[in-house]
Each structure stands twice: as C-alpha cells, then as structure tokens.
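So the structure is just underneath, and the comments pick up after that.
For clarity, chains are labelled A, B, C, D, E and F in written order, and residue numbers in each chain start from 1.
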Amino acid sequence: MRPSRRKPDEMRAIGFERGVSKHAEGSCLVKFGDTHILCTASLEERVPPWLRNSGRGWVTAEYGMLPRSTGDRMRREASSGKQGGRTLEIQRLIGRSLRAVVDLEALGEVQITVDCDVLQADGGTRTASITGGFIALHDCLAWMEVRSMTSVSKVLKDHVAAISCGLHDGEPVLDLDYLEDSAAGTDANFVMTGKGGIVEIQGTAEGEPFTDEQFSELMKLARKGIGRLVELQKMAIG
Amino acid sequence: MRPSRRKPDEMRAIGFERGVSKHAEGSCLVKFGDTHILCTASLEERVPPWLRNSGRGWVTAEYGMLPRSTGDRMRREASSGKQGGRTLEIQRLIGRSLRAVVDLEALGEVQITVDCDVLQADGGTRTASITGGFIALHDCLAWMEVRSMTSVSKVLKDHVAAISCGLHDGEPVLDLDYLEDSAAGTDANFVMTGKGGIVEIQGTAEGEPFTDEQFSELMKLARKGIGRLVELQKMAIG
Amino acid sequence: MRPSRRKPDEMRAIGFERGVSKHAEGSCLVKFGDTHILCTASLEERVPPWLRNSGRGWVTAEYGMLPRSTGDRMRREASSGKQGGRTLEIQRLIGRSLRAVVDLEALGEVQITVDCDVLQADGGTRTASITGGFIALHDCLAWMEVRSMTSVSKVLKDHVAAISCGLHDGEPVLDLDYLEDSAAGTDANFVMTGKGGIVEIQGTAEGEPFTDEQFSELMKLARKGIGRLVELQKMAIG
Amino acid sequence: MRPSRRKPDEMRAIGFERGVSKHAEGSCLVKFGDTHILCTASLEERVPPWLRNSGRGWVTAEYGMLPRSTGDRMRREASSGKQGGRTLEIQRLIGRSLRAVVDLEALGEVQITVDCDVLQADGGTRTASITGGFIALHDCLAWMEVRSMTSVSKVLKDHVAAISCGLHDGEPVLDLDYLEDSAAGTDANFVMTGKGGIVEIQGTAEGEPFTDEQFSELMKLARKGIGRLVELQKMAIG
Amino acid sequence: MRPSRRKPDEMRAIGFERGVSKHAEGSCLVKFGDTHILCTASLEERVPPWLRNSGRGWVTAEYGMLPRSTGDRMRREASSGKQGGRTLEIQRLIGRSLRAVVDLEALGEVQITVDCDVLQADGGTRTASITGGFIALHDCLAWMEVRSMTSVSKVLKDHVAAISCGLHDGEPVLDLDYLEDSAAGTDANFVMTGKGGIVEIQGTAEGEPFTDEQFSELMKLARKGIGRLVELQKMAIG
Amino acid sequence: MRPSRRKPDEMRAIGFERGVSKHAEGSCLVKFGDTHILCTASLEERVPPWLRNSGRGWVTAEYGMLPRSTGDRMRREASSGKQGGRTLEIQRLIGRSLRAVVDLEALGEVQITVDCDVLQADGGTRTASITGGFIALHDCLAWMEVRSMTSVSKVLKDHVAAISCGLHDGEPVLDLDYLEDSAAGTDANFVMTGKGGIVEIQGTAEGEPFTDEQFSELMKLARKGIGRLVELQKMAIG
C-alpha cells in the first residue's frame, strides 16, 4: 500500500482555478492535492536580445517557493541573493515544456513570462507548474485574441501537461506526494502533449539503479495520468 | 469624490482567512479590497546571535511581492540578487510593529518569523501585512500554547493594526487603494495598538508640504480605522 | 536631566563648513555636536531612464558610514557586497526630503546626487544629512547659476531641514545624541521647510506606545528646532 | 548521413589520460573526440553539515567551462558573479551519477569533490564529465587505499558512464558532437552502471515531440555505447 | 617644468592631524597636498581564523574612496556590490606595508584594522594611506600601552612610509599629483622603513618601457622623500 | 643550495605548446616546470565603451585557477560569487604587460582577450601567464593577418616576457617554484621587453626589508632570465 493509500494509478485531486489575478493577462491557481501553485502569464513587449527584429516571440518561465510553503521554513532566495540550482533547473524545464506547444513565429515579437509560485508544497511542484502554467498561458493568449493581437489556435499547437511517477517498494505508482517522493527508490517526471508526443523525460535512481522494464512501466502510468490531466485542462478551459 | 467612490472614512472590504497553510504554525490570508497578502508565522528554535542564552525570544518579518502581483510585472528579487530598499524598509516596519505588542521575555528563547507575501497588490500592502501578520502571529502562539510551550495571553500584550490615510484633493481619506495612493498629495501610515497607543507614524508629502492641522485630521481618521480593524481581528480570532 | 545635560529644547552645537571639497560642485561638512557628515552635491548630465527627454531633472541622495564612524567598527558595506536596509531607508528619505523643495522642471534635464558620508556618528545622522545636504545642493545650484545653467531662486522653492526628538523619561527632548537615542522610549524624526510645511514625519515607539498628546509635544519641539536650523542655514549661505 | 560522417552507432574516439594533476588525489583528462575535460578528485576531511558525526561520507561534483572552450568566448562565471542555471544543473547531475555507485557508509566521513573543467567543448560535456569523473574518483579511492584509508572495492559498487543520443533526420544516432546536437530534433542523455542498471535518463524534444518507439531506440543505442565506455574505463584503470 | 611647478625633488605640503576620530583607538587625517585621507586604526579581539589560539596578532587594512573624492563622481562600491580590483590591490599593499614593521608575536592575539578612506583625491592616495596609516597604527598601540595591553616599542620595529615617483618628460620627479600622474610616462611607488630598508617597489611603464638607470634615479628620489616623511612622522608623533 | 637544487640563475624547464585550442584564434599551453597554464587569445569585435568609434583597439586579460590546480583544493571563484583581490591584481598586470608591446592604433577597433587559466600551479603563475600569453596574442594576430585584418609586425612592437626572482637564504635566485617562493625572504616579479626595456617591477619584502644592492642583483638575474625567455619565444613562434 502506498503511503497516501491511493491506488497505484490514482492521482491526487486536481483543481484549476482560473482568473485568480486582477493584474495578469492569464492566471491559474493549480492544485495537485496539497500542492498549490499560483501561475500567472504576463505579456511583455520586449523580447530577449537574440530575437529582436526577428518577428518571433518567446515564452519563458520563472519558479519560486514561498519561504513557508514547505515543512521547515526555507531561506528566501531574494534574501540569500541568488536562485539556487534546483530553482533554475525547474524554471528552465517549465519554459522548455511550454515552448514545445507554442508556435513562436505565430506568436509574434512579444514575450510571455509564466511565473509559477508555490504557495504550498507537497511534492510534484514542477509537474503541477507545467500543467497549470499551460492554462495561464492559454488564458493570456485568449486575452490577446480578444484584443486582436493573436489567435489562440494558431499559436497553441497542442496541450501540454506533466506528471511524476516512481517506484514504491518496487511497485510503479503515479503522482507522488512529498512523503511518497521521499520514500521512492526511483523518481521520474514526464512531460507530454495532448496528442501523446513526449516532450521531456527525466528519470533518476535515488537508490538502486532501475531497469528498462521498470522504466517502461513508469512511462505507461505517466501516459495514463497525462491523458487525464489534458482532459481536465480541456474541461477547465471550456 | 475619491476615485474608489468610498466615503472619506470608509475602508475597503476587510477579510481574514485563518489556517490557510498546511505547514505554518500560524497563517492568515488577509484582504484589504484587492490587496491580498499571505501571512505565515514560522516557529524556529534558533534566535539571532545577540540573543543566544539570553532567555529572550525574537519576532521578525520578511516581505515579498510576487512578480505579477502588480499592474506591470516586476523583476523577481531572487533573480536580481537582492532585496530592494522598499522591501527592506517595509519588512523592518512590520517586524518593529509586531514586536511592539510582544513580551519577548515571556516568549522564551525562540524566534517567530512572519512572512508577508503579496499575492495581489492594490495599495496598502504594508498596513495589511501588519494587520494580517498579527493574526498569523497570534495563531502561532496559540499553536505553541496547545503544546504547553507558552501562553498567548502572557506573550501578546495587546492587538496591533495599521492603516494608511491621505489627502485627496485636500480632503483626508482613509485606506487608500493604488489609484488613490498615486493621486494623493500626502500619504501617511499609522500603526496603533488595541488600547489606542501609537506604535509608528510615517507621513510623507508627495507634492506640497502639509500642515499640523491636516496631519491631525489624518491621525483622527487613522484612529477610527484602526479601531475597526482591531474589532475585526477580535472577531476573526474568536 | 537628559544625559547630555542639555535643556529639553536645546540643540547641540551646529556647524556648516562650505566648500570643503576641491572637486564637488557643492559641498558642506555639517556638524551636529559630535556627528560629522561630509555632504557633496555632484552635477551629472545623465538622468534616470524614466526622465530621459522629459526636460525634467532629478535630485537623489546616497548615504554611507565610514567603518569606524561608530563606537564599534562596522563591516564596510562595499566589502559585504550590499547596502543594508537602514542605509537604503535613510538615503531614500534624504532624497525625498531634498526633492520636496526643488522644482525639477526648472532644474532642467540634469541630475544632482547628494552624497552624505558619515565621518563620525553620534546620533541624528539622517537629520544632519538632510540639513547639511541642503547646503551642498544650494551651492551646487549656485555653481550652475554662475555658469548660466540655472537660477537658484527658480529651482529652490524653500529651505528644508530636519531634526530628531524623543521622550526621555517621559519628557520631550530635542536633538538626541547617540546615548539619548538609545535610552529614549520614543524616537521621531521631522523634516520641515523654511515656511513651516511638513515634508516627512517618522515616529517610532521603541518601548511603550505613545499618545497623541506626547506626539504633539514632540512636533512642537521639532518645529522650534527646525526654525533655528533654517536660520543657521541662511546665515551659512549668506 | 550524420554530419560527423560516423555510423549511427559509432562513438567518437574516446581517451582517458590518468594522473595528469600533480596535486589531485585522482585525475583524468577525458576526451570524447574534440571534447576535452580535466577531471580531478579531491579528498577533503570536512563533510557537509548534515553528515557531521554520521560516519558517512559524501561525493560531490563541480563543473566549469574555460571562457574560450567554446566557439565564441563566453563570459567567465567568476566575473559575472554566479554560476548559471546550466552549470548548476550539470554539476548536480554529475554528483548524483557518481554517488549512484558509491557506498557512502563504506567511504567513511570524508568528502570527495570531483571537479570537471571543460578545456575544449564539442558537445557531450556532461556525459564525458561523468565518464571521466568516474576514473578520477576511482584513482582518488586507490590513493586512499594505498594509505589504508579505505578499500576501493568496498566503496565502489559498480562502474558508471554516460552517453548522449539523438534523432538526426529521424534516425537515432549515438554520441552527438556540437554540430549534431544543434541539428538534432531530440536529445537524450543516459547514465548507466557497468551492470546495466539505469541511473539517470534525460530526454528533451528540441522541436517535435518524440514517441515511445523512438525513445526505446535511443535507449538501445545508449546501452550499447555505455557498454563500450565501461570496457574502456576498465582498460584504462587496468 | 613639472605641471605643479614644484622642483623635481619637492614634495607637496604634508600634514598629519592626529586624534580626529572620537571613536577610533588611533586616527590620523593625512594630507599630501590636496590628497586628504582619513585613517583610523581599530582594535578588535577576534583574529583571522588561521591565527586563532596562535598567540600571534594581525594588522590589516581597508581602503575606500568617497564617491566624490574624485573629479567625476564614481559609483559607490557598496552600491555596485563589490570592491573593484584597484581597491583590493591597494588595501592589500597597505596591509603588507604596515605589517612589515610590526612584530605580530609581540602584538598578541588581537587584530588592528587600519581603514584608509579618501575624502579628497589628487594622486598618491596609496602612498599617503601607508604614511598616515602608520600614525593611526602607532596611536592605536599607544592607546593599548596606556591600558597595559602592549608596549609600542616592542610591537613597532621601525617606521614605514611611502612615496610615488615618475618620469615627467623624461625627468624623474617626486610625489606626483593627479595631473602629473596622468602625464607621467612611468609611475613607481616605493615603501621603505625608517632605517632605509625597502618593503615594496612597484614600477609601471605607462607608455614606453624604462631603463635600469631611470629606475635607479627614481629609487634615489624616493629614498630622499621617504626620509623626509619619516622625519615628519616622528615630529607628528612627538 | 636552493630547494629545487637548481643553480641560482637556472630556470625551470620552459615549454610552449601552440595551437592547443580548436576554437581560439591564438592559444598556447605554457609550462614553467610544474606550472602549467592554458593561454587563449580571443578576437572580439566589441571594444570597451570608452574606445567606441575611436579607431583604437584593446588588449585585456583574465586569469583563473582551476580549483585543484593547487595543493589544497580552493573554492571555485564562480561559486564564491566574485574574483578575489589576488585574481584581479594578476589579470590587471597581465593586461598592462601585453599592452606595453601592442600598438593599439594599428590594431584597429577590435578587442583581444587573453585568458590565462592555471591547470596546475607550482609558483610563478603570473610570470608564466605573461610569457605564454604573449605567444597566444601573437598567434591571434597571425590569424588575423592571414585574413588580411591586420599586420603582426605593425601591431606587435616588441616581445614581452616575465620572470620572478627572490632571495633564498640571502642569495638571489631565479624563477622561484612554490616551495622556494614560500621560503623566500623577498619576492620580485619583472616584466621586460625583448629590447630590454622594463615594463613592470614588483618587489615585496615578505620578512626583512631588502637593500638597494640586493634589489640590483635580483634585477640582473631577471634580465638574464627574460633574455632567455624571449629567445625561447622566438624559437617557438618560428
């Protein structure tokens, strides 16, 4: 039995609350169980230097955790003077994942920054950020469409969502919470599109190395979970 | 007529939602209209170096704004590598204000850190942080009391709350939102206790200098507003 | 009896030495008793980005303390890699106070930076910085007037000076030195113009909260002190 | 035909030069074609704080690129004041991969730091770092064994090596050089042990998402390459 | 004729004003013409880590320039977030020079930090810092002697002073001011003891390389100047 | 007998390996015995701001040590967040020395950055960097000449090389290795041109001050050593 008493292929309660920010062009408070992340998508006119006058746009992401989003209070990164390696790694992953379904040419020369701020953490913050960040991005594009600045359907080529899997006592389980993540021998994150294409795979053996077969099973679970997440995204966006 | 169409002595809708964090010993989502701040109080065993082995404790505060809590996206302070002057100034003010009603001797040699993170900003974030931070601090002490670590009534000497006032077209008005704050000729923040003692006064002429009489009127308005805030705090804490 | 044996409304010996810098357009070594601050005003052609091509100028301030200006040697901020919260707070206050008497339109699109460096500290460094910084600013404008770049009387709308007050054993006293400041229950800084307008008020209860009446008395003392400082400024400028 | 004119499953010329540092306890200059990395393993007595008095040791890695290891000169990270996200991500990966084959209990309470400094880059620096870093780590342990500080065979549980694969024009190819990496639609890095266990998988779609089948083929290629690398490691260590 | 119209071997007016700081154990405002530097010597009980429990002490120096000590206002190093290369180079030189005449064993396990802050710069700030820093150091030791903490004559083995020389139009001249320094083809700094021993030589060709003979002449001039500086130090200390 | 058993005027084995970098326009792996430094010269089109549109170019240098180039592993400067004082001092010296033989006008408005990275240190890294950096610089200019961008003979006015000397047990010795440097009472670095002009002299008494005569002897030794280094440079360049 996994610690959360969920079935091996059972995800936590997933929630998407849209329009939670008065200011952001798109926003979504995403919940994977007790993991709560505020995602905002901000439209900016300036693009990175290497895209100036290229006619192409950019989508990027930033990630942060509130100091007491975790069991023990963490030092505020603004106060320690830099973003740690884990933060930088996660925000690079979120950005890559979202760009995988965006036609940057069709977006035009603007930048959309998706901020994912963890209000409460209980495992799986990077996968929830990608999944909720997609909604915020979608709503930002919808905001632009209303203003005749772009067309959502031309820019967004597909849905994208992400989920974690792991081996618990050797058994593959879906959507690890913090306790399960700490106990898991192997931890893998998958990012896939609505059509089933794989965007990113990250698998790490925490203890013993794992086998091809084990990895295949994790991938199957992930495919199932992401399929469900994309359905929920579609219901949320309406 | 003030921009918000409120009466001169009318505050925005005030809300305190307690227990919003799974992890923090005390927490409060405070709303002053569209200004929303997540306050958490974290109990830590270590105290600042100058208090070690003194038997006395410490209460401190940190303040941050999510990048898109504002109309235009701000650069993330963790990414710029330091906390700006405004941030440092505000968190020093919150800490001083909360300590004004705490008996540090009675608290014992522990530290409580109150984090005030602005999810959405619409003016008055520092005063809302103090007012909501007090609730988070209270609930942290209550958490400790249940564990026989302290007694709320011995540590907390009084309530503390804060409000802003300003001159709009020469007329004194209470609880400025962002638009009113931008338009106000003079802006003042007041921190007072439940018994009416003054803890902190900060008044700034943005344009023309102001007079003793004008300042007296602002102080009267503030006293009224803070009286109401303390009532609401009492109702929230129950 | 206050520690300095001064009468409650007696200020320390005040001195302004002008023209102490070979390089700066305006300079003043200001002394409030043993508090000695070197103020220089530097004219620069570049203005902050948000004023470019606006025709308007800017006045800003920076503040620093020499490492051994204090009783114990402090770590050099250049070596610790950042300016602390207190430093940033003070330099923002100095800048706001000086701008309160400057017509930025009339100044034209240039920037004047007033550096206030504490050579020796004995309490009241921020109020001495404002009071002496005004002289340096004045002399910088006079330097410009001689070169037909501006007119002092058009740019400077009024005098500005600042003083601290506090409650010592419950009694309001004027112009606290370091010992008095440490002992004071309440500490307040006032910035006012030559015509008596209030530019900034900052009052903080260090121990017990204070009352409206106590604050009124501090304000009266401050008004008296600032009146005297403005007289001394006029005598210094000649 | 792939840009390097190599066969799809053909690796570049691999070289391990041991003992290249007069000072380091273990060292290896590893070459994957034109990618040249100097790996040193340094024995230190201090361990990270969370391991103090635990009897367990630690293996960690740091990664850097010389400014002109690349086609265009890069800014020196020491001069820009921080390590970038890519650097931090890579050194975390190297550390995790090496620890996967180390019995930290058997190592005892010491720390080994493996520095991987890229003298010349032509793609695949992270996989070469892991593969060469293993040799440096081995030699450091051998140095310790000679001094009766540990036993190589007890500490090192297995070999570990890494290789990149990618899709070039849809065809899976092994060990990408810089040009191939830039052109590849999908890029994946694999870390495996001598016994064939998987330690880490990182697959990223640069353009189009990829399928399960494509990923399986990349994994097969990687398994072949890593098998060959482990043979070469064994020959090098003798 | 050199720009300053001084004779080739003529130094600027030299002044030492002792006891200028209310707080520092030793202090000296040193003037080499228009170069004015405030030197303070601060006694601290803590020594650098490598000297703990060694019974030996340490003398170190820090150097800074006020932002408008120069013709154009420089950015404050505290605000730019680090000390520049020139600053670090100079403070290392001052520290080495002062330590050359100190018996660290006889000093005992304390640290003296000599801060040299340039109030006004006109060339030769590093040599004036050494020469004036010696006085501050002496007075700090005298302060300690009065309190029976040490004996000046046991700790200070000799005097130390410094001067710059240069080639102006091929002619060797002593004690360059800023204009002369900018125009000089070669610039050299010499640090020597009262007994004539050489502590440090730094010679740099700004334009054309120089010859052995030229360098010999500079050294002769320096010896003369330093002899005079040591006499003045002796008169100042009395 | 000096620790290295070399004769007083005997240098270590000197080696220059050219063309060691696939990417850099010029490169040289220089060896002074066990001191090994990788020097690369990189051509960049951008010049420092103060040279824009001046028609003049710039030559600058950067210096770094690999963490385990030394006996004990040093902290990586990129990780500590800044370059230390010693690093900045050395790279300023290398840059000045190389510029002494470059006609910046003839170079034209480009910048050449010479990176000197210490792979293995055994004393004398700064002098080896200058001597090897000259070869890298030369080869970069030759690379440009082949592309008709410049003429080596017009830009390079002379050779430049550097060597250290010191007093070992009072005897002057040439080219100190690390052990000798640690034991030497006095340590001096000399930079001279092929024609014998002096570019830079830095002499420091580590213990006892030194005399004019001793310094003269060091200079004679240096002259001999640099003469030999320039011969070797000429043989290397061919």
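Assume contacts are C-beta pairs under 8 Å (C-beta built on N, C-alpha and C of every residue); 3 or more make two chains touch, one makes a residue touch a chain.
The model shown is predicted, which means the values in this text are computed figures rather than measured ones.
Rounded to whole angstrom units, the spacing between the C-alpha centres of subunit B and subunit D is 51.
Subunit D has its Cα centroid 28 Å from the Cα centroid of subunit A. Here the spacing of subunit C and subunit D, counted between their Cα centres, is 59 Å. Residue positions of subunit D touching 2 or more other chains: 81-83.
Taken pairwise by the contact criterion, the protein chains form one closed cycle in which every chain touches exactly two others. All the chains close into one ring, and from subunit B toward subunit C their sequence is B, C, E, F, D, A. The residues of subunit C lying in touch with subunit E in their complex are 21-24, 27, 34, 38, 40, 42, 44, 62, 64, 66-71, 73, 76-79, 81-83, 87, 113, 115, 117, 119-120, 122.
Touching subunit B in their complex are the following residues of subunit C: 82-86, 88-89, 91-92, 96, 100, 188, 192-193, 195-205, 208-212, 215, 219.
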